[in-house]
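In the two complexes below, chain A is the common chain; its partner is chain B in one and chain C in the other.
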Partner chain A sequence: MADENNDTIAKQLDTGFSGLLKKITTTSNAGGLTTGLFTLASSLAAVVIALGICAVLLAVTGKDPWAAYTEIVKTGTQSNQLLEMMKRATPLMMAATAVAVGFKMNLFNIGVEGQYLFAALMASAIGTQLSLPAPLHVTAVLLLAMIAGAAWASIAAVLKVTRGVHEVISTIMLNYIALSVIQWLFENWFRDNSLELNIKTKALPVSGRMPDIVKDRLGGMFIVALFVVFLYWILVFKSRFGFRLRASGLNAGAATTSGIGAKKMIVIAMLISGGIAGLVAMQSVVGEIYGYGPNATPTQLGFAGITVALLGRHHPIGIVAAALLFGFLDSTSAQLQLAEIPSSIVKVIQAVIVLTVVIVNEASIRWLNKRTAEQTAARLVASDVTAGVSA
Partner chain B sequence: MSTIAPTLSPTHEARPTTGLGRFFAVRRNMILTVGLTLLTLMSITRLWTDEDPLTSSGTIGTALRLTVPILLAGLAALWAERCGVFNIGLEGMMILGTWGAGFGAWKWGPWVGLLLGISLGMFGALIHAIATVRFGVNQVISGVVMNILGFFGARYLSDLIFTGEQGGGVSQSPQQKYGIPKFDTPFFAGGELFGWKTPDFFGWLEEKHWFLLGDIGGIGKGLTVNLSWLTVLAVAMVPLTFWILWRTRFGLRLRSSGEHPWAAETLGVKVNRMRYAGLLVSGGLAGFGGATLAIVASSYYRQGQTGGRGFIGMAAMIFGNWRPLGVTGGAALFGYSDGLKLVASSSLPALFLFVTLVAGLMLIVSLLRKKMITVLTAAITGALFLTAYLTVKEVPESLTQSVPYVATLVVLATASKRLRPPAMAGLPYRPGEGH
Partner chain C sequence: MAKSDGVLAVELSGIDKNFPGVIANHDVDLRVKSGTIHAVVGENGAGKSTLMKTLYGMHQPDAGTIKVNGVTQHFRSPSEAIAAGIGMVHQHFMLADNFTVLENIILGAEPANGPRIDFETARTQVHKLAESVGTKIDLDVPVSELGVGKRQRVEILKVLFRGAKILILDEPTAVLVPQEVDELFLTLRHLVDDGATIIFISHKLKEVLAVSDEITVMRDGTTVATVLPSQTDRRKLAELMVGSELPSPEGRDSEIRADISLQVEHLTVTSPGQRDLVHDASITVHSGEIVGIAGVEGNGQFELCSAILGITPSTGKVLITGHDVTGHNTHDRRRAGLSYIPFDRHREGLMLTAPLWENTMLGREHMPQFNRGPLIDGRSARRDAERVIERFDVLTPSETVPAFALSGGNQQKLLVGRELSSEPKVLVAAHPTRGVDIGAQAAIWDEIRHARDAGLAVLLISADLEELIGLSDTILVMFDGEITAKLDPAKVTPEILGTHMTGGAVEAA
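And then the complex of A and B:
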């Protein structure tokens, strides 16, 4: 009799527990969608808050925020502005993807800036020396850029795995070293001496140029950028390699225990990140100025890429959306200046948006965790009570 | 216990236990030995190569002016990391500092400019603190955003305020009417005392060009002549930082928040409050550094004036092993190489000989101590720099700019085991989570 009783209690306990487990897993599965929506909602809320903060900023400095925002919207809805937005989003997408690859491995690649500038110089300098048929030539230039970017990033990777130098510090230093090295290489070796003004490297031959999608409005690199983001999605979210990468990033110790070499993953992730970074200025190299020029090649895209990656939460769709949003904001700056609103407000708005998004994100995660913990605790208490009653 | 106490007491009495006395007592020997050795080697280099600008008062004076902003940025980084927060956003806070100083000094005079620069730096730090301490945002992310915000915020404000003014524009403030007074130190550099012109002791020594004494004269005069009060104030931040962080209760609490916040928490330290305080001081110092650029090094705010000095300051901090005196050393090294480049770039190759000599001395010392790895490093370094000295006749301007950054990477890669950063710098902390 006693045994039987014990058995039933055990059974009840068992079903109780499995039931509870099932409940937790199912709710958390359903919660996956809720969390997704929650994330989206909190991001949008953050953007609204950020616009509010900037409105206050504008008002305090004596500008009419309403006028500024309507100007942005008005400019943005003009049809040619759409192409301008996509054009400006192109390098941002690639820079953001480069940052995101590193981030998935828990690596903070602040060095995109140095990597892409170094790559732009090397690809233009070597690219002009090649003679290949058209499609191959462009491809070769892009490949060169990727190799150069990866090579520059590899310094930080090697320093990290062999000497334990934190990649944030080393990539910051390497950004400045890159500027020096580029200037030296350019002045001594790669400068086209026939040019007096607008100095740059020897122009790429026609075979090494990327055709435009819309003449002079949108370069072919836009497609390449979308393709890079797509590859990023496949590689990081859908492949075995990506699983390992994300696993090492989430918990290096656990990943190592299950046979994933963390050091190897660091090196590979950094090389991929640097390789993608190499493409950032390629729109300008193969599509606009056909070479590298210290004053012509765009700068600061690496840091812009970090903000885009953060805003897009390192997710492919998020990155594209965030790059388009920032491209849109950038494209309105000229019109704003005409309306006597300093165009730098656009960059300030971008920075404030990113900061609010990360803060709101952090706050909402804390709130969610707290809620989950409370609910789980409540359930456990409840199941304790049921178990106690049946006993 | 009673038997041990008497034997200990003499040493205790020999060292003053509080304040700056102890600071120097502990390190006096080390500072003296290293300093004198380097000075001797420098003097040998100067006489060997006949490059008097190496230690002339002109070079040292310029070096001092270039050191000060880096030093302040380095101390700013130190304060932030000691309380447990990375401050990648230093550059942005410095930019806000240059803007505030440029604006304030143009409108109301240099001292108001200084205060405004410091306040704007602190404002930047407050944003960083709210994001990282209050909300636990990744400190690197917040720092990167701060840099962008500082740069474009300053540009936006310039566009609003300076555009249309005489000499001002979107990237520049109008010229200031007057600067902060400068002085020559009496008796050392021939300054005036109540209208009486005192003897110029260091200047007299410098002109003799004697071995060692000539160098002391040059360095001494460089450090005492034509000094801005702002420079004096800035240099005073080094002992002040040391005293506050290592000799006061507040400093101990602040550092414990950077080493082991949960342990500090159990002792009743309000860790987050400490981190706010550390970051605000950090931002203030960064703003101060920016202000020296806009008020002492020039007489207006200009876009890009900081030129990465926030990051060089971080490099100086790493170089100096997260200690005030070390930061000073790192900043002085970077400032000196900058100053020499500016005053007498033709003397730069002589520095290769200097490094060769240092490496040679290290080689001998490490051979005697039988430290084979150091022997090898010293030998390779010496050989490299000797070749550089013999072959390079002109150092390319573009490459010398990267000296601080390369030096930092070399230090991090070779001496990372000896570096001792605060244990929790860069990691998030929430009260009550340490179980």
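And then the complex of A and C:
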């Protein structure tokens, strides 16, 4: 009796971590849920590993990693810092969603940067010309931004379906072209020359402005961003259109023989991606500076969005979580400098997290797939089925 | 190097190789005498490539022994096979286009002078090598400027440069024009005279008879005979390739109906700078009829199916149940009643990482039962998947497992189930039972017959003659993009089928 007990304990100790994982993967039959939990667990593990790596980096450069991390947590969890986190997460959520829509059908929209900057200028410039009642005016500005973003993205889509130009190349190039086009349009037509120092477009009238959720701390676009992520979930994971989109991404050959037109899907996905990208800078346009300004409108958000989408594994919940995490880290960087910790450590942490998440998730998903195949085969042990993970 | 009769350069005995759900090689024996050209012939899917991959160390056999020059070998990788003096010239060349001939030949085996490549030594060595095989080739031209024949010569030199004495050539003439073929054969003779041994994979019987010293025939994954060219002819070889006893077509209770379900008129698929991939093909399939298409793979069957589906652009007409769908897209053609079992279930059929229920819905997601407004009704889709799984006897624990977890045979049953579930009028079935075990094969055949009895028109493309003759009411032969013969499965003989499939009848005409 006692021996038996010892045996089981020893066995449990022996199997340890892999035994636990085995339990997680065997107890549930619903593949989706298991995979979801598993992805979450591996993402968290990756973040912990990343913090470990950064601790080593900090220690090597002569800083106390423990002090740095406590400082990050201490400053980051103050209530106005949490609002700052949500504020910074807002554009990231939308940029990441824009990237994710494309990614779901293997389209890599690297051009979110150019699309949102172009959209910010066009929406500001045309938005000031409109005179509409308050809720309609803001809506119109947002719609204009989406149309402008989609229009800019459509160039890459057309190039791809008519000339076979890879979207990575065309969207990267279009980012540079966007910067020049924006500068030219702004300097020649849209600049408000009545301002001396503050170079901007003409300010949006009050009716075209988005009210704040918390005065001067958190803009209304946060809600819009959450809504965009929710729509992304419905559209891509629940709708017929989304099924076709994902089918094209999972196996373009199978989608084509099933009657899903590849070119049509490319164009639609790119337009949706560009449309969402158009909203990225809208917090700044309708909530903060009430227009576009070359030095006032935030940049680099498109590239940050790619990282956030990657970290969130293109899943709506993942995107929100990843955007909040990045927002949190960003929000602490100013405070860190005051504590004499190099604020660039935040960027390093972000980069290391992304790398570890990609590596850990890739490894764990391979492992999970192999397991699923083995278990399926095991369940059919009576038959002569041999399961194989396809290469 | 001594060339003496009776010494075996390669001796394979009792080789078995299984892949999940498929027996690729079974009890294969191959004896290649040193200093000879030995041809291995067989239809596509007869197991030639699998066997050669085994010999070249690309995978390991499940049973059997490999002897090279009398020494038993267990190759774990191609590099071990290369070390033992075996070289492979692939059908698709593996050359770096922007490198010169010399650079390509020495790539990966460069003679070194410290950290630098010793180009002088390399040049002398390659030059000597080229001379010894009677090839004149400019070593400083980039490969991109060479024609196909020359490129192949570079491939051969590359293999020889690595010290190969036993060369495997995989369908070397498939890409060559007749003059180049003659040149290649001259080179091969040179090589053999110098003591090399050549294993020549092909299904072109005329060439095989012209060049080889011995011929081994493969069929259904095993070696069926080894013959001398002097003691055989094309007809006898063709008969060995397709089997001497063909199955007799099964009797059927139902009648072929009068109405035409699929009509293809003068369909042509062009290819820039080449001859037509499909040339002027006209096919009629009635309701309740199965029309089989026989042919060695790569003679335009894929392009024909792809054009009928509306994926590959083509000229000519396609009518489904009398409706002209020429110019319509795949979606519209499917809605008109077309269904398709693709050539390769992984590349064109299934979303491997998606759950089974999403796979069974693909191509049918527009059907009202799967929709609630613009949204997918997941519950209904899962119920439908359960029905397909039950009805088509797919072995799986549930409809939520990803498709990759199933065996090949069960994936195929799921696919057939999906394609028959849309209540099609016309089914284009390409190799519907390729790579599945015998049980699944019988089940799929039963399902196709059952649907035919209910009025389905089937265009069946297959390399399996048992399947073709067992199911078809009419057999068409496709060769070089054209439909070259219309045969009655009840009267066809292996001889006739074999000559038609290998272009014998065309060349004789």
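As a convention for this text, the second predicted complex is superposed on the first by the 332 of 391 C-alpha atoms of A that agree within 3 Å, B and C clash if a C-alpha of one lies under 4 Å from a C-alpha of the other, contacts with A are read in each partner's own complex, and residues count from 1 in each chain.
In this section, contacts are C-beta pairs under 8 Å (C-beta built on N, C-alpha and C of every residue); 3 or more make two chains touch, one makes a residue touch a chain.
Small disclaimer: the values here were computed from a predicted structure and weren't measured.
When the two structures are aligned on the shared chain, A:T70 is found in touch with neither chain B nor chain C. Shared-chain residue A:N80: touches no atom of chain B or chain C.
In the overlay built on the shared chain, the residue A:T139 is in contact with neither chain B nor chain C. With both structures placed on the common chain, the touch criterion links A:E362 to chain B but leaves chain C unconnected. When the two complexes are overlaid on their common chain A, residue A:G259 makes contact with chain C while staying clear of chain B. Per the touch definition, chain A reaches chain C in the complex via residues 29-32, 234, 238-244, 246-247, 250-251, 253-261, 369, 372-373, 375-377, 379-380, 383-390. Residues of chain C touching chain A in their complex: 19-21, 309, 311, 329-335, 340, 342, 344, 346-355, 358, 361-363, 365-366, 370-371, 374-376, 395-398, 400-402, 404-410, 437, 439. Residues 86, 88, 127, 130-131, 135-138, 140-142, 144-145, 147-149, 151-153, 155-157, 159-160, 170, 308, 311, 314-315, 318, 396, 398-399, 401-402, 405-406, 408-409, 412-414, 416 of chain B touch chain A in their complex.
Residues 61-63, 108, 110, 159, 163-165, 168-170, 172-174, 176-177, 179-181, 183-184, 187-188, 303, 306-307, 310, 342-345, 347-348, 350-352, 354-355, 358-359, 362-363, 366 of chain A are the ones that touch chain B when the two sit in their complex.
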